[in-house]
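Here come two complexes built around subunit A, the first alongside subunit B, the second alongside subunit C.
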Partner chain A sequence: MKKHNFLAALLFVLPALLIYCFYFVYPIPASAYYSLFRWNGISPQKLYLGFGNWVKLVQDELFWKSLTNNLILVVASIVIQLPMALALGLLISSQLRGARLFKLLYFIPMMLSAVAIGITWKFIYEPNFGLLNGGLRLFGLDSLARGWLGEPRLALAAVIATICWQFIPFYMVIFAAALAGIPQELLEAAYIDGASPAVSFFRITLPLLRNTIRTAAILSLTGSLKYFGLIYVMTEGGPDHATELLATYMYKQAFTGFRMGYGSTVAVFMFLISFLLTVLVLRLGKREAVYA
Partner chain B sequence: MKKLYVLLFCCLLLLSAASVFAGGQKPAAEKGKLVLWDVQTTGVLPGILDKTADDFMKANPGIELEMVHIQNDPFKTKLKVAMGAGTPPDIFHNWGGGPLKEYIDSGMVDTIDEIKSDLLKTYIPASFDPVTFDGKTYGAAYSGLTGVFFFFRKDVFAQNGLTAPKTQKDFIAMGDKLKANGVIPITLANKTKWPGSFFYMYLADRYGGADMFLDALYRKPGGSFEAPGYIQAGQALQDLVRRGFFPPGFNGMDEDTGQSRMLIFSKKAGVHLMGNWFIGQAKAESPETFEQLDLFPFPSVEGGKGDPTDLIGSPGQNYYSISVTCSNKAKALEFLKNFIMNKSFIDSLAGAGYVPPVKGASTYTTDPLMKKVALAFEAAGHVQVYYDQFLPPAMGELHKDLVQSLFGLSMTPQEVAHRHEQAIIEEMKK
Partner chain C sequence: MLRSGNPVASRVLIYLLAVIWVVITIYPLIFLVQNSFKTSTEFFMGDVWTLPGRFSLANYQKVWATHFARFLANSLFVVSISLLILLLAGSSAAFGLSRIRFRLSGFFYYLFVGGLTIPVHITLIPVYIITRNLGIYDTLWALVGPFVAFNMPVAVFVLASFMADIPASLEEAGYIDGASRFQVFWNIVLPISRPAVTAVGIYNAVILWNEFIFPLVLINSTWKRPLTLALWNFQGEFSADVPAMMAALLLSMLPLLIFYAVTKERLIEGLVAGAIKG
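Entry: the complex of A and B
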C-alpha cells in the first residue's frame, strides 16, 4: 500500500521533476564538463585543456575584480535591504493611517520588470538631463551633480542603490507576513508589563523573526551572487569593469566573446561559492538558534 | 547561474517555436517556409525589407518567407544559441568579420559563390570584403554603406563663429572655443563602448596609416598593436578627455537610448562622431536638427602617416547569409539575387537616405548629406571596418573594454596598446 502511494506521488511529481532535472540539475555537471575545454559554443570540436581554464581563472584580474564587486553587492544588499525592508514592513503592518496606501506604493518596484527599472534609472542618473542631477541643481547643489553611471568610483554604488530599490519591497512583504504571524497577546502582555515599544521590538518581535531574517539573508545572498539583470541593462559591467559581476562576466565570456568553456568555468565557480556561502550562513544561523 | 539557464530556456522555447515553423514543414515540392532573422527594428528598413519579402512571395507562390526583426543585442545572443543548437534560421543577419568567421569555422554557414557573378553586376566589389574568407563569399549586403563622420549643426557652428576643422589643431581650437562658450565640444555616450572606439580607430589611422592595423592583426613583420601610431592615438585621445571636451559621465551614457544625440538636438553639444545612420535618426527624432545638419571627415593630424580620406565604416554594414541548415537554398539564393538590391529596392533605400553599396551610388541619392557620404566613399583611400566587428570576437570585446578604460583615464596608452598586443598573441595560439 505504502509503495503504491509512493508511485502515485512520483507520477504526479514527474513532469515538474523532469523539467527541474533537465534545466536546473543537469546543467551543473554539464557546465563542469564544458569548463575543461576550449570551446566556442558552436563548433563540434572541443579542445581538452584539463584544468587549464581554472588556472586561467585564478590568474584573471578581471575575474577577481568581478568577485570583489560581487561580494560588495552581497554585503551591501544584506546590510541595506534587510533593515530597510524590516522598517518598512513594520510601518505597513502598523495601525497608522494610510498604511495601506504605503503598502501599495512601496510594492510598485516589485511589479516592474528589471529592464524597465534599469532604463528608467538610467534616465534618472543621466548626467545632463537626468532627474537626479536636475534635482540637485534645482536646490543649488550643482557641485554634487555627477555622471553617476559613468564614473568608476560611483557606478557600483549607483547601481546598488537601484538594486536595493528593486528588492526592498520583496523583503518588506516577507517581513510583513512574518509580523502578522506574531501573536498579538505577547505584545499586549509586554505593554501591560510596561515595556516601551523599543524594548518590545528588540525583546519580542526581533527574536521571533529570527527564522524569517535567516531566510531573507540567504535569499539576498544567493540572489546577489548571481545577480545580472539591472547591471546588464544599466552599465553592462562598465565603466572600466567598475560594476562587473560574476554573472555579467560569465555572460560576456560565454556569449559575446565566444568562449563557452571559460564562461562555464566562471559559472561553476559561481555555483560553488553560492553553495558554500549558503551552507555557511545556514550553519551559523542554526548555532545561534540553539544558544538563543 | 540560474539566470543564465532561465535565459537559455527562454531562448530555446522561442527557438523551438521558430524551428517548428522552419524545419517542421519541410518543403513538399515548391511549398515551404524560409525564416529570416535580422536586427532592423526601427526606422524605414523593416518596411522596405518586408515589402521586398512580399514581392518574393508573390513571385514564388507556396513559399513563405517569414521576416523576424529582432533588437540588436538580444539578436546576437539568440543567434548564437540557435547556431549552437544547430537550428539557425535559414537566412540570418550579420556584420561580416570575426563573429561570422566563427560561424563559418564551425561549419554553420553556406557560401553564396553560386550567385556572386550575378551580384557583381550590381554591387561594388568592396562590399563583399567583410564577408569573404579564403576566397569564398558568405553573404550579401542589404542596406547602405556606412562611414563615420563628425556631425554638427550649422546654426551652432554659426553662433560660435566656427567652420569645419580640417586638422587636429583646428579641431582643438574648435573645442576650446565651444567650451569657452558653454557648449560641450563633443558628445559621446560610451556605455555602449563602440562609439568611443571610433575615436581610437580614427586616430590610429591618422597617425599610423591604414596598414598599421592590418599588419598588427595579420602579424606581418614589424606589425604590432604597440606600434608608435597606436601610442600616439591613445595619447591624443586622452588629451581630448583631459581638455574636458566630452560630456560629464559619458562612460555611463547609453548610445542605444540616444543619450548622446539628445545633446546635439538640444544644442548643448557641438559635434558627434557617428556613422551616417545618424542622419536618419536626426530626420526621425529631431527634424529641426536635420534641417541644420552637416558633416566633416575626421581631421588629419600633424606628422601622421594616414591618408585623411581614409574612412572608418563598412562597405556593406548589414549582410544576409544563408545557414547550412537552410530548408531551400535555391530559393534563399534567389531572394538574395533578385529581390535584395533590385531596382525598386535600391530606389527605396536611396529614397530613405541610404547609400546602397552598388555601382554609381552617388548618382542615386539627391540628399546633399548622403551625396557627401557617397563621394567620401568613392574618394576614400581605404575603408576600415570597425575593429570590434573585424577582430576575433573575444578580442573585439576586449578592444572595446580597453578603449573605454582609455577614455576613463584608468589605463595609459602604453598599457592599452600592450593589452591589445597580448590579446592577438593569445588568439594566434588557437
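Entry: the complex of A and C
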C-alpha cells in the first residue's frame, strides 16, 4: 500500500535535500562559474577572464606535475594495496589460531586521522631521529639512511608507502568478507580432486573474487584522486612539488595564494577527471560482467 | 581456506608473515609511546630504540595544558550535532525515497547517490564563500552544514537500500491501524532499520571525527579548532619538542581507539559497509 503522494514524500525528503543542495549541489556550478574569473575570494570585484584560467591550466607545468603524481598514486595504490590486502585477507579468514586478533590489530590504522598518521610518519621518515633510519643503522645499513621526505626522488614513494600502511587493512576486510562468501564445498571438492592450494586459489578463489576486486579498484581509484590530508600534513606537496597532487595544488592556489578563480579551475578539472574515470571503470566493469 | 594437513613449515611461514605485518602496523604506535615519556634532551641525545630513563607524564601534562580538553569538546560537539542531523534527515529522506512511490523519486535518489564519487574539492571554494556570507566563518557551526551534506549521499544510499527490503505488510498494518505516514516512519520503519542506522552512524562518526579539510578552510581561531586541526597546529608549537608532539598524537588517537576497543567488529563492518555502498 505505497501511497502515491508527491507532497508527503517531499516533506520527508526536504530537510536532507535542502542541506545537500545548499552545500553540495549548488557549489558545483558555482565553482565552474568562479573558474571564469580572476578573484581573490574577498574583494567585490571579479575580473572576467573567459576561458583564460583554462588556457593557463593547460600551460601550467605544476598542474601537469600534480596530475602525473596523482595518476602515479592511483596506479601504485591499486597495484600495491590490492594484492597485499588480498594476501592478508586470506590470512585472517584462514583457520589460523589468532586470526581474529590479527584482524583487529591490522585494522587499527583505519581508526587514525590523516593528520595523526601524517605527523607520525614524518617522525618515522625523519633523517636524524626517525624510526626508519634508526632501524637501518641498527642493522649496520647506515649508508641507506636518508631524509626520506626531503629528497624529491624518494618523497612520492615514501608517501605512497604511508598510504598503503593506512589503507591495506581496509581492503583486507573487504576481501575477507568476500572470501567468507565462497562456498566451502567448492574448495573441498578441489582438494579431493587433488588440486594444490595454489591451483585452487588461482582457479577457484580468484575468479570468484572478480566483482570484489573491481569494487576495491573503484574505491581505490576514486580515493586516490581525492587524497589531501595525509600528503598535505606530511610534505605540503614538496619538496619542490615532488608530491604535489591535484588536491594540494588546488588548496594552495585557492587558500594560501588566494587565487580563487584559478583554484576553482583546478577543482573543476578534478571533478571532471574523477567523473570520467569512474564512468570508464564502471563501463569496463559492465562489459566484463557480460562476458563473464 | 588453508587446509589442515599443510606441512608445518608453511604454517610457520604464515605465522611469521602475520606477525611481521602486526609489527609493521603497531610499531609506529609503540615508537610514539616509547618516546613520548622521554624528555626532549633525552630524546635527541639517545637512540629511538631505548626506553625512557623514567616514565614521566610531563609531556602529557604539557599537552593537556594547551587546552586539549577544549579541542576535544569542540570535536565532540560538532561531530554529535552533525551526526544527529545527518541520521534524522538521512533516514527521513531514505524513507521518502524508498517507501513512498512518487514522481521524481528516481531523480531525487540519483541526485543524492550521484554525490558518492564527487571529490569534495569542487565545493571547497563555494562553501568557504557561503560560510563567510552567512557570517558563521570561524565558528563551529560552519562545519555542521558541510559535514552533514558531504555524508548525505552515503547515508541515503545505505538507509534507502535497507528500507527498500522491509516487507510492505509491516507498514500496511500500521496504516490500517490509522497511523499517519510520520508515525509509520518513526514507530515502524525506523526501529526496524536500526542495524543500518547504526552502521551509518559508526561510519560517519569515524569519518567526521577525522575530518581535516573543512576545519582547515573554515576555522581560524585557536579556540574553535576541532582535534584534527589543533593537532596540525601543534606542530608549530612543539616543533622543538618531539616527545611532547608524540604525546599529543597519542592523546588525539585515544578517543577513537577506545571507541574501537568497545565496538570491535561492529566498527569494522560499519566502516566497510559504508564505504562499499559508497
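The rule is short, and it goes like this: the second predicted complex is superposed on the first by the 278 of 292 C-alpha atoms of A that agree within 3 Å, B and C clash if a C-alpha of one lies under 4 Å from a C-alpha of the other, contacts with A are read in each partner's own complex, and residues count from 1 in each chain.
The rule is short, and it goes like this: a contact is a pair of C-beta atoms (placed from the backbone, for glycine too) under 8 Å apart; a residue touches a chain by one contact, two chains touch by 3 or more.
Source: prediction; values computed, not measured.
After superposition on subunit A, the partners subunit B and subunit C collide with one another. Once the two complexes are laid over each other on the shared chain, residue contacts for A:147 go to subunit B alone; subunit C is not touched. Looking at the shared chain after the overlay, A:49 reaches neither subunit B nor subunit C. Once the two complexes are laid over each other on the shared chain, residue contacts for A:256 go to subunit B alone; subunit C is not touched. When the two complexes are overlaid on their common chain A, residue A:104 makes contact with subunit C while staying clear of subunit B. In the superposed model, C is the one of subunit B and subunit C that contacts more residues of subunit A. With both structures placed on the common chain, the touch criterion links A:119 to subunit B and to subunit C.
In the superposition on chain A, contact of A:78 is made with neither subunit B nor subunit C. Of the two partner chains placed by the overlay, subunit B and subunit C both lie in contact with A:271. In the superposed pair of complexes, A:160 makes contact with neither subunit B nor subunit C.
Legend: residue contacts after superposition of the two complexes on their common chain; A:25 is shown touching subunit C, with no touch to subunit B. In summary, superposing the two complexes on chain A brings one listed stretch of subunit C into steric overlap with subunit B, and the stretch in question is 116-124; the others among 116-124, 170-178 or 188-196 show no clashing C-alpha atoms. On subunit A, the surface patch touched by subunit B in one complex and by subunit C in the other comprises residues 23-24, 27, 31, 41, 119, 123, 129, 226, 228-229, 247, 250-251, 254-255, 260, 267, 270-271, 274. Taken together, the subunit C residues at the contact with subunit A in this complex read 1-4, 6, 14-15, 17-18, 21-22, 24-29, 31-32, 43-44, 47-49, 85, 88-90, 92-93, 95-97, 99-105, 108, 111-112, 115, 117-130, 145-146, 148-150, 152-153, 156, 168, 171-172, 175, 181, 185, 206, 209-210, 212-213, 216-217, 227-229, 231-232, 235, 242, 245-246, 249, 252-253, 256-257, 259-260, 264-265, 267-268, 271-272, 275-276.
Note for the complex: subunit B touches subunit A at residues 1-5, 9, 76-77, 80, 83-84, 99, 102-103, 105-108, 190-193, 247-254, 257, 259, 262-263, 266, 268, 392-394, 397, 401, 404-405, 408, 410-411, 430.
Looking at the complex, you find that subunit A touches subunit B at residues 23-24, 27, 31, 38, 40-44, 119, 122-123, 125-129, 145-152, 155, 226, 228-229, 235-236, 238-241, 247, 250-260, 267, 270-271, 274. Remark: subunit A residues 1-6, 8-13, 15-17, 19-20, 22-28, 30-31, 34, 41, 87-88, 90-91, 93-96, 98, 102-116, 119-121, 123-124, 129-131, 134, 138, 165, 169-170, 173-174, 177, 179, 187, 191, 197, 205, 215, 219, 222, 225-226, 228-229, 232-233, 246-247, 250-251, 254-255, 260, 263-264, 267-268, 270-271, 274-275, 278 touch subunit C in the complex.
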